[in-house]
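Below are two complexes that have chain A in common, paired first with chain B and then with chain C.
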Partner chain A sequence: MKKWIRFLTIAGLVSMTVAAQAANKPAVIRVGAVGSSGKPFAGGINGIVQDQGLLQQEFKNDGIQIQLTLYKGAGPAVNEALAAGKLDIASIGDLPCVIGRAGGLKTRYILGRDNGVNSYIIAAPQANIHSLRDLKGKRISVSKGTKTHLTLNRLLAQVGLTERDVKLVNLSGADASAALATGSVDAIIGGADRPLVQQGLAVDVYDTRKDPIQNKGRGALLVTEEFAKKYPDIVKRVVKAHIRAAYWASQEKNKEALYAVETKTGSSRQSLVVDLAGQNLKEKYNPTLNASSVASFKDIVDFAFRSKLIRQKFDVDQWFDKSYSEVALKELGLENYWK
Partner chain B sequence: MSKLKFTLLFLGSLMIGNASLQAAENSNTETQVTKGEEVSTENASSAGVTEPQQPITREDFEGVRNEIAVLKDAYDRTLANNIANSQRSLKISGTLSSSYSIPTSSNASPDPIPTFSGGSATLSFKGNLKKDYAEGRNLDYVLSLATTTSGTVTNYVQPTDAYLQYSIFPSLDNEKPLFYVQFGQQKKPFGLEATTNDDKKPTINSATFVSKLNVSKRDIGILLRGDISPTLDLGFNYRIPLIEYSIGIFNGSGPNALDTNKQKDIGGRIIINAPVDYNSSYRGLSLGGSFYRGKDDISKTIGTSTIKDIGSRNLYGVDLAYVATPIGFTAEYASQESQYLSGTTKANIVKPTRKSDGYTLTVFYNFGDQFLKNARVESRQDDYWPTTYQPFVRFDHYDPDKAVSGDDTSIVTYGFNVFFAETTKLQFNYNVRHERSNSDLHQNDFVAQFQYGF
Partner chain C sequence: MSKSFIKHFQWKDKLLALIVPLLLLILWQSAGPLQLVSELILTPPLTLFHTLADLVGSGELTDNIIVSLQRVVIGFLVGASSGFILGIVMGLSPFLKRTLLPLVKSVQQVPEYAWMPLLIILFSVGELPKIIFIAIGAFYPMVFNTFQGISGVPKNYHELANVYNYKNYRYLTKVIIPGALPSIFTGIRLSLGLSWMFVVGAELFGCDSGIGYMMIWGRQMFQIDLVMSGLVVIGAIGFVLNFILEIIEKRLFSWRRSFEGGIA
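On to the complex of A and B.
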């Protein structure tokens, strides 16, 4: 009888230990990011993490699966997946993640991503638009609620205009290009890929390449509060993999390889070369949560509130969680690299 | 003729482009061609070129490619601007259902038999005749076909929806109200269940009152529908109007039929939605009200003669729905007052009113991986099939004549749905049926149906 009691006690302790270990290690990490133009490849830092298999390498010995999902519906689709509890880690643009957080998504901002995402304004040749000022009264296509929407507002503010001084048409992707080509809108704001310009159907008006960093789009790496609370060490290691990618991308010697990664998303090499020309890669791929990124996000919250994109403000300082990146940077010996 | 010339020019350009590409590939097979270098004679011969020529540079190649792209774009735009049904988006969708039913207990005579059923099939085409990129005042069309069943045989296909839709208000700005006009054969704007597509319903069979009161039948007419005061949550691409409305005038004689009397029927529906953001617990809460006032041909045969007249048919309905995850419910009540002819001789014939009503209550619970509207996944190489499970229970009651007692029908359905995708599901229903009008029929049956939407 005593033997049985001892056996059951040991078995109970062993099963409790196994259960406790399992609780500290998820079977799968569900990562979501904004997808590109129909290709199963992410861009920017996410693209490098995916291409080099950095998350898979990090968790190979733990037997943890990485489930990467790229959402064609951009930021709103990532927010929807977060709300439905389908993601643990999310990579998303600046404005959508602010709207999502203000809308009640329980997330923490754990790492910056590409800081210098450029926007390009192109116009129909007959629209007679040569500068930002010429946009007044014109029909401009923008995908509302995305980071280009925010950038457009900032650019308009530069010349004393607001959204009310132009006519915004909510279109994206192929629809926006078709609208410009058929003369239904006068200008569109989008990314570096501008096939209409190459085809002679549109002209460049303005781009943010030479602008200060606050005029450029930013990306964010988020974790759900539930996952962070449950698996803090796993979150730190996810952050570490992303910092490795940022460090790799920030080096000039890797520029050609960076183009190779980016072209997998369908972007043309020519556009990428133009886009990155003269850009400080170390600044662009600085993932640290510094005073500049905090200030930028406070500004985004103010903008979203003023524009009635969110109903209530929230505390950016509380949302940012530097603890994971600080430890990860130290472990990688990079604590002074971006200072 | 000009189109033919343009096409020839375009094809010619493509051939030149391909030839250049071929030459570029051939000359690159054995030697690296860089700007300023000449192609070796050996390579030129192998490419079928006998004379020395200038090497192709990256710029040349990009130039040819751009010219082809410009020509192709111009060609596409010419087509799009001049041909209404060119390459504009056409959405083809449909549903197919296959089922198997087993009566588990019945006091009916003769005993009902278990049977496989091909069920029903629908095929729908939705497209755009005129796309207004600037404001979204689009002209769209919808054509749907469905199999119809006569007795035990599915025997022919006929149009269900066939209408044009024009957006009177600009539809591009989600923050503004929408307003459409629809002309043709379409659903009547009555009730919740009758206006919901089959692929969205948890049950295999419709509520009894939906079929008995004829509210699900299409009709030919004109419908105005729109919404007021939308709430837009851009962070989730979610739009919900405070009020949705629709009102229409119809023949009242059903689908694919001309009117049989001079009177037209009028129907309308209003829905009040909870004006909340995507992340709110009240998302999916709505209250609806419907009415329908129509005139039907009524007749009565006395002896060898048939007396014909026009009788009014008025319906009212109210519904409440909370369609959310994980738990949700729908409740609906409909009442009808219809005139009919009664009497034993021509002299004493009268036109009394019969009052009928019915209601349903469905409660469901969703668990598993949920299908998300915005999520069109790119990164997985396989198809995206989020599997959702949905147990539900439905109470269905119908009374054909309120003045007569003991003629009502009650059905309680216990069901379980497995959604393989948003519109593809395996359904299991266990129906407990009590028809007091039908010799006090008690019958329980189990029905399994696989409904696949595409």
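On to the complex of A and C.
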């Protein structure tokens, strides 16, 4: 009897393994994204995917679980999770994903995400900063290695300044706000949510809303090479779910609903309305990997190398993998939507 | 027991003390190739050695060590001297002991890292909050060890001071402090050790120099070898500081014999 039980158990396990291999699907897809500083909710396209349960819907019939982890440590924390082998799919900002790839992370760039992420520079009223030029010699708080760090460099370059012309203070989130409120720094660069301005403790200096899209922050959807090799069809379906979210966000008629999703991150509706005012949603949420995004990332790699943020360059063309998005766009009938 | 027998055992002890670190080093180097941990997360020792050599060559490491040591020295002096004075005051005055000791013990319950946001708000992001943060770390071991040392000065020392008619300054310098010196020195050792550990915490916030900053930079730029290099340097300098103080302590208190473990 015992022999039979042992035989049946082994046979069961073998058949399950064979079945799993035949189906070629993982039991779980581990997705990581940058968490907002407020509530446990992702921003932008990730927020829509999360809110509408698009990944869960896509894989419901396959019995594949979606394990979403939001990292408060922003891009650097997502890179660490990728290095530790804790993620299959990662959503991350432009500069951090370049830093990660240059540092040896074996990832592929499979989809664009949130192209027009605006940055806002605010200053203490007594700091006498009214324009980008006035930043010279001032103490500016920025979270180094994040996409706002890159944006700050681009903005400084617009007026002929570099990081060396200012005093960068490496702070983020609440610490940066506290430092500005107490006069420890003269200015900070951050997102659209600016409670200090609303409280009269800081004044707006500059924001990127009217800048060309190339100057704004952008995000990326990455897949680990290992996962992509094992489950190419699953990766295509992950991409498809994100394209659905991008398509939904690109439509003006969904703007109100979009605000509702974004406020789940803890951002104020008022800030979001101001941030999105006059923005071309189709351009902002264009996920396609086009010549513009390749050129933009080549610039980022050059900048990061020049600024000694990365030790070695890498080939952006080799890193980008359009194959998943091209098929997914075709299947959704959206191959011409963002062109 | 013959001298050669003791010598043999001393060598054996030293060998045993080397075996574990050596095995750990081998395991560490093999962790990547054996796919136990990604080399991107745990930099192998040989790569680390090259990074350290580069950092020394470029002068970056030396500059950061000097900045951190300066912060440690100032923070330690401020924190340890404050603790020393408060320890003496509480040790000598039963009234002040009753008044201040419960307060000091209560404030000690606040986790040290919880002070940092408040320090930034109060004192900006310059050097001052970092020095105060390190000083907080150095303060507690010093105040408690000084207080305990003074409380533990034998009663007959006080009687002797009365016989010699020692008052105030002479009483303090000839009887109290010498009597409490072993405990005070333990406080100094702990204070300095904690100051060195706290410097890393101090440099996590709004900093652009120092070993702690170098580690944070390495983390944000996904250059984990910089983080590991910082760890190695902190450990090595902490070890050297402790070693120097141990030698001083042994020389100062050579008359004191203490039980060091083992069976005679």
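Just so it is clear, the second predicted complex is superposed on the first by the 315 of 339 C-alpha atoms of A that agree within 3 Å, B and C clash if a C-alpha of one lies under 4 Å from a C-alpha of the other, contacts with A are read in each partner's own complex, and residues count from 1 in each chain.
One rule holds in what follows: a contact is a pair of C-beta atoms (placed from the backbone, for glycine too) under 8 Å apart; a residue touches a chain by one contact, two chains touch by 3 or more.
A quick note: this is a predicted structure, and the numbers were derived from the prediction, not measured.
> Give one word, clash or fit, describing how chain B and chain C relate on chain A after superposing.
Taken together on chain A, chain C would clash with chain B, as the superposition shows.
> Please work out whether A:173 is in contact with chain B alone, chain C alone, both, or neither, and reply first, second, both or neither.
After superposing on A, A:173 lies clear of both chain B and chain C.
> Tell me which partner touches more residues of chain A in the superposed arrangement, chain B or chain C.
More residues of chain A are touched by B.
> Looking at the overlay, does A:86 come into contact with chain B only (first), chain C only (second), both, or neither?
The answer is first: A:86 touches chain B but not chain C.
> Name the contact category of A:198: first (chain B only), second (chain C only), both, or neither.
First partner only.
> Just to be sure I read the superposition right, which of the two partners does A:125 touch: chain B = first, chain C = second, or both, or neither?
After superposition on chain A, A:125 lies in contact with neither partner.
> Should A:53 be classified as contacting the first partner (chain B), the second (chain C), both, or neither?
neither
> Touch test for A:76: chain B only (first), chain C only (second), both, or neither?
both
> Taking the superposition on A as described, I'd like to know which of chain B and chain C A:137 touches: first, second, both or neither.
Once the two structures are laid over each other on A, A:137 reaches no partner at all.
> Identify the partner contact of A:266: answer first if only chain B is touched, second if only chain C is, both if each is, neither if none is.
Neither partner.
> Touching chain B in one complex and chain C in the other: list those residues of chain A.
After superposing on chain A, chain A residues 76, 79-80, 83-84, 96, 99-100, 102-105, 139, 144-145, 168-171, 175, 178-179, 181-182, 184-185, 309-311 contact both chain B and chain C.
> Enumerate the contact residues on chain C facing chain A in the complex.
Going through chain C, the ones touching chain A are 38, 40-41, 117, 120-122, 124-126, 205-208, 213, 216-217, 219-224.
> For a test of understanding, state which residues of chain A touch chain C in their complex under the given definition.
Checking each residue of chain A against chain C gives 76, 79-80, 83-85, 96, 99-100, 102-105, 139, 141, 143-146, 167-171, 174-175, 178-179, 181-185, 309-311.
> Applying the document's contact rule, which stretches of chain A touch chain B when the two form their complex?
Interface residues on the chain A side: 35-36, 38-42, 68-73, 75-77, 79-81, 83-84, 86, 96, 98-100, 102-105, 139, 144-145, 168-171, 175, 178-179, 181-182, 184-185, 195, 198-201, 270, 309-311.
> Which residues of chain B touch chain A once you look at their complex with the stated criterion?
Touch list, chain B to chain A: 62, 66, 69-70, 73, 77, 80-81, 132-134, 172-174, 233-238, 277-280, 325, 369-370, 372-381.
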